[in-house]
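Chain naming follows the written order as A, B, C, D and E, and within any one chain the residues start at number 1.
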Amino acid sequence: MAEFLIETIGLPAWLAWTCVAGLSAVLILNVIAGGALIFIWAERKIAARIQDRLGPTRTGGRFGWLQSLADGIKLLAKEDLMPEGADALLFRLAPYVSFCASFCAFIALPFAFDTVGQRLNVGVFFVVAILGLEVFGVILAGYASASKWSLFGAMREAAQVVSYEVPLGMCVVVPVMLAGSMDLVTIGEKQAGWAMNWFIFHDPFTFIIFWVYCTCALASVNRAPFDLAEAESELVAGFHTEYSGLRWSFFFMAEYGSMFLVSALAAILFLGGWNGPVPVSKLLGLSDGVAVTDPFALRIVGCMNLFLKATAGVLLMMWIRWTLPRLRIDQVMTTCLKYCTPIAAAMFLGVMLWQLFLPGGLVAGSFRAAAGVREGWLEQSYRKQSAEEESLSVKTLSRHVFEVSR
Amino acid sequence: MSQILDEDQRIIEFDVRTDEMLVNMGPQHPSTHGVLRLVLRTDGEIVSEMEPHIGYLHRCAEKIGENLTARQWIPYTDRMDYLAAMNMNLGWSLAVEKLLRYQVSEKARHLRVLIVELNRIASHLVGMGAYGLDLGTFSPFLYAFREREKILDLFEEVCGARLTYSYITVGGMTADLPPGWLQRCEAFLDQFEPIIQEYHALLTTNAIFVKRTAKIGVLSPEMAIDYGCTGPVLRGSGVDIDLRRDGESIYTAMHDGYAFEVAVMKDGHYPRDHKYPAVPRDAILGDCWHRFFVRMLEVVQSMDLVRQAMDRYSQCKGALGEPLKLAEKLPAGDTYLETECPKGQMGFYLVTDGTSIPWRVRARSSSFSNLAVSPELCRGCLIADVPAIVGSLDVVMGEIDR
Amino acid sequence: MNQASFGIPVSLFASVTIDWHGFFFLLFAAIACISALMVVLSDNVVRMALHLVLSLGATAGLFFLAGAEFLGAMQLMIYVGGTLVLLVFGVMLTAQTQLVSLRTPAGDRVIASILAAALLAVLVQAAFSIESWQKPGQGMVSAPTATPLGMALVGVRVDQHAEEGLLEPKGGYLLPFEIVSVHLLVVLIGAAYLARAKRRRVPRPVDLVASVDSVEPTFSGNSDTTVSGGSE
Amino acid sequence: MIFALLGVASVSHYLVVGAILFSCGVVCMAVKRNALGVLMGIELVLNGANLNFVAFGSNYLAADGRSPLGLDGEVVALFVILLAAAEAAVALAITLNFYNNHATVDVDRADDLHG
Amino acid sequence: MRGTDFISELEAAVDGALVGRDLDAVDPWLEIAADKLLETCRWLKDSCEIRFDGLQCITAIDWFEPDPKKAAKVEWEPHTEVVYHLWSTKARASLVLKVRLPRWQGNEQGKIPELSSVVSVWRGADWHEREVFDLSGVQFNGHPDLRRILCPEDWDGYPLRKDYEMPLEYHGMRGR
């Protein structure tokens, strides 16, 4: 893209890169904001169906699909209130901190094999670390609101998120170990081929640890039954009790963004990422077994795969939310420290031993051959990318400048 | 060993201490069932002290009663436990009838049982649904309201009102049942019966629900009696009292010939608990789970009573009988009558000086006494347990504040 | 090449080159330094913690710029947890005492600032003392350091190339790694010990209420309400 | 000045940033009476030091493309981060105990052993 | 046990407690001397054969006719009556106690009558006594926390007294 801008249109390199970076940022932002709109609508419909009612039916046609947009406009028009005793700066800052954290994590999230904002070789860690930053917004909101309920919500969130980062980290490390890389793209590519290549089916331990991951992910994005930070029956509305209008909707968008993010992460780490259960690309001739012949179509198919899987994850979260009661704070901690962490540790050990003695996995590496081809191509292209400065990496960017200025 | 016994398992102390906080739960809090205000003194998440503040819904019903005739006061009883207004009407009507030594016709008697037990189902449905809400699950609430709406539809046919009925009145009922009502009621019961299993699946046996309610807010029978707790709260502690069986003769006579088993745990078993989920291992008698389960069993029990009452009512020939005059003269004297309402034993005390207007009326509300025990139950629990405990007492503020 | 596509005088832009690495370095360095300064200057613990987080986050950005991606991610991850806890305790411990001023006397501040300025002068002097340090980097895109780092931690050095011709091979870090692991475990246990729950031994007033023996003995298995009998 | 810095992110510049962080940390440790403030000062000092390690260990910044410290710089920085976390936990424990005993986090009040 | 036996037992146990009775009323009741109330209640709860372990209700009735024309016709003296409804779990029986108090302590206008609290006997009496204090103005001596319960803490007067007049204004809100 940048190449195209430089060579065909004749923009200077730095402007071209800026344009491309801006475009990517806007795209990701749209994924979050647009996704949030759709997910809020979906949540309403799903909740309504679960509860034996209809949900939105009028706004925007038969299914009320414009309801969340209408609500968005309403929220924009609402008065922005701030409590008198609030710490004005932190109060204003908090929603953006939350949202930015959610947004930043998407930078390293690959949507298809090479559709990624910034391919980082520590991608997994980066995503998990940034996701953890979201809690700062919540704590600041809780502290700055000058309301005791907000403070309670913030404290709960802090305790919960910090605790769940431990088992979550362990769960995430398992696919890293299997793929031998912390690069999300590599991890995804290792699972190409038939569904049996997905890490969730790699061995019984990974199957179990997938569900541990689901639990921890649910807890770390504060969804029911772990939504203690905003437990409406106990803490009024928790950390966002005092928020209204646009600021409040930023928290909401951050929540849905994170939900999508952890679901997408689950898809990439365990469910084959952008690879479908059947190696369609090969069957359709998008890659002829030797090289990728049509990367564009492959990208589209990959993105759709990942979106489908991540959406399924989000829908699962909604289903859980409208079915289960909420846990108590000590039970949440018990779940983390007494169940998730030891199970994750044991499964980690199990996977390690399995790798040691049965390295191929249950299904022998025959299916992996297909993956190997594309992987090879990808590695090649990655190298090429860095050589030809195709990526958005700050590093390569600057290197370009070094060369230009010299 | 003795040291272990000395320890109060409910109160947890940490080495890490923080400043105590005074927080206000209510009166506009989502989970305080109306305008109840709870002042909590907390150390972190642990509630060291809880104090309810009531009176936000005080409407001087007793004072108003000193200026109205007995029948005129019936709409005011509607507004006490507005979720079970029929039971309130019945309690007051019976108290006045007791003073007058008046006996309603046989047909009216069965109709009263029918209506009152139907209202008990509706009230327990709200209690159950709202309890789910207190514990953070929304769906059972709407499931409960869906069924309650059908009961309200039936009531609407009967008396035109959906919440404040004033249907049962001194000396009988304001009107007889409309034609075809019994069939519709029967149809409702038939479709409602299987749905109860749904509630058990969503709440009673749900692992998280059990974790949130078992061993929480344990009320010993001694304490329950000492505090004057009644109804499901008392039976949830294993005390076998139900005024429909143990009450005063004018009230028990109303239930003559009806077969029912009091929903209370005896020898480790609830009546016909074989049909319903087993008591979870974690639950101990007197905790929130048992209080909840007693209500669930009473829904089944009431359905049974409604069916029996429908049978008897339809067999009764003759007229329903006219209610007493609006300004019936009351003999001088005083009387007190308690009836078994969904929330507990509701007592009405009536003092007259020989005119048609009572000298003093007094409503002894069950929720009032049930709520009075909540500070004891909440001592040392977590903040999240406060809605769980107060919700399990199933209080209605209209009745407490009157 | 079309030099004036879309009517933009491209030559105007072309004369400017922006060094993105330098730009981001400046950005992160400025955030880190200003936030560090704000940590010193602010009195509110929560604000201090916020600035600390900003400073540490910007430092993580500098790590990324220097090619230490793994370290940057670790910095984010660990300090998120670490400072988060700081923040939480800051809030908890100052719930009541926030009105009590913990200000330092101005004299102390001045002395400390002078000393710090002197220290800074020495350090900056040292930073520019060696010529090779001042030369801008080659900007070589080196191989990712995460794998060699991991290997080094388990005792295998894969980063030394034969042509480096070091006098003696560098050792791995297995022993320090193990020591740090044990160290962390000890800290973990210590923290758990600190935060453990204790049961209070004081009998509650309600237990002193006289018992009622008229109740049918349907109540059983509740060990935690010990009714100590009516002593009156 | 700014244009002079542009394009010359060298080891020296990293060292300057590290020095600033270090100095701020030292001042913080010296002047804060709040125990948590002192703790934050320590974190800043450690980070300043870490920046130096990373700068020296970075091949990317090295003038000849090969850093003097190599991987060791990053490894040491990593250990510093880990130990800083452990240190924070211990220091917090001390602070908490202090708070429980004195109902304050003012370090000037910690003079029980003062003769 | 027959009612008469019970009464003689009560008389024997608490000397001079019983000052009046009506066993033929719709609800038979016993009148207890105000100074013997606590002792009687203790006995009823702890020592008598039918243990009255539950206190269901406390009511205060203000016997006072504000209208002087009607007041001339009534046959009772103005007084305050406190009625206790007791309940026995064991016998499934109830008991009505009445205590007669002056409307004002020592006939001193504004000084509410005093009665000993039974909270030490039945914990459930706590809120009931608070309500009686709040609405009818009876001072319960020995109550751990006698405050208004339904009315605001700074409310003036006792609304369930017959001569109560609604204040014209409360914190700037019109009362009448």
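Keep this in mind: a residue touches a chain if its C-beta (ideal position, glycine included) is under 8 Å from a C-beta of that chain, and two chains touch if they have at least 3 such contacts.
Please read all numbers here as calculations on a predicted model, not as lab measurements.
**Student:** Identify the chain pair with more contacting C-beta pairs: A-B or C-D.
**Tutor:** Contact tally favours C-D.
**Student:** Using only Cα atoms to place each chain's centre, name the chain farthest from chain A.
**Tutor:** E
**Student:** With chain centres defined as mean CA positions, report which chain is farthest from chain C.
**Tutor:** E
**Student:** Most central chain by CA mean?
**Tutor:** Taking the mean of all protein C-alpha atoms as reference, the closest chain is A.
**Student:** For chain D and chain E, what's the span in angstrom between their mean Cα positions?
**Tutor:** 72
**Student:** For chain B and chain E, let me know how many angstrom lie between their CA-based centres, rounded off.
**Tutor:** Computed value for the inter-centroid distance: 26 Å.
**Student:** Whole-Å distance, chain A centre to chain C centre, using C-alpha means?
**Tutor:** Going by mean C-alpha positions, chain A sits 23 Å from chain C.
**Student:** For chain C and chain E, let me know how many angstrom lie between their CA-based centres, rounded off.
**Tutor:** The computed centroid separation for chain C versus chain E comes out at 66 Å.
**Student:** Do you know which chain D residues sit against two or more other chains?
**Tutor:** In chain D, 7, 60, 96 touch at least two other chains.
**Student:** Considering chain E alone, which of its residues make contact with at least two other chains?
**Tutor:** Only 53, 89, 123 qualify.
**Student:** Touching two or more other chains, which residues of chain B qualify?
**Tutor:** Each of 15-16, 21, 44, 223, 225-226, 239 in chain B touches at least two other chains.
**Student:** Quick check on the complex: what are the chain B residues that touch chain A?
**Tutor:** The contact residues of chain B facing chain A are 21, 23-24, 29-31, 44-45, 132-139, 142-143, 146, 202-203, 206, 208-209, 211-212, 382-387.
**Student:** Could you please specify the touching residues of chain A with respect to chain B in the complex?
**Tutor:** 47, 50-53, 148-149, 152, 155-156, 224-225, 227-228, 231-236, 322-331
**Student:** Where on chain C is chain D touching in the complex?
**Tutor:** Within the complex, chain C touches chain D at residues 18-19, 21-23, 25-26, 29, 32-33, 36-37, 39-40, 45, 48-49, 52, 55-56, 59, 62-63, 65-68, 70-71, 74-75, 78-79, 81-83, 85-86, 89-90, 93-94, 97, 100, 102-104, 108-109, 112-113, 115-117, 119-120, 123-124, 126-128, 132-142, 145, 148-149, 152-153, 157, 159-160, 164, 170, 173, 176, 180, 183-184, 187, 190-191, 194.
**Student:** Would you pull the chain E residues touching chain B in the complex into a rising list?
**Tutor:** My answer: residues 25-27, 29, 53-57, 59, 61-62, 74, 83, 85, 89, 92, 94, 96, 122-124, 126-128, 131, 135, 148-152, 159-160.
**Student:** State the interface residues of chain D toward chain C in the complex, per the touch definition above.
**Tutor:** The touching residues are 2, 5-28, 30-34, 36-37, 39-41, 43-44, 47, 50-51, 54-55, 57-66, 70-72, 74-75, 77-79, 81-86, 88-90, 92-93, 95-96, 99, 103-106.
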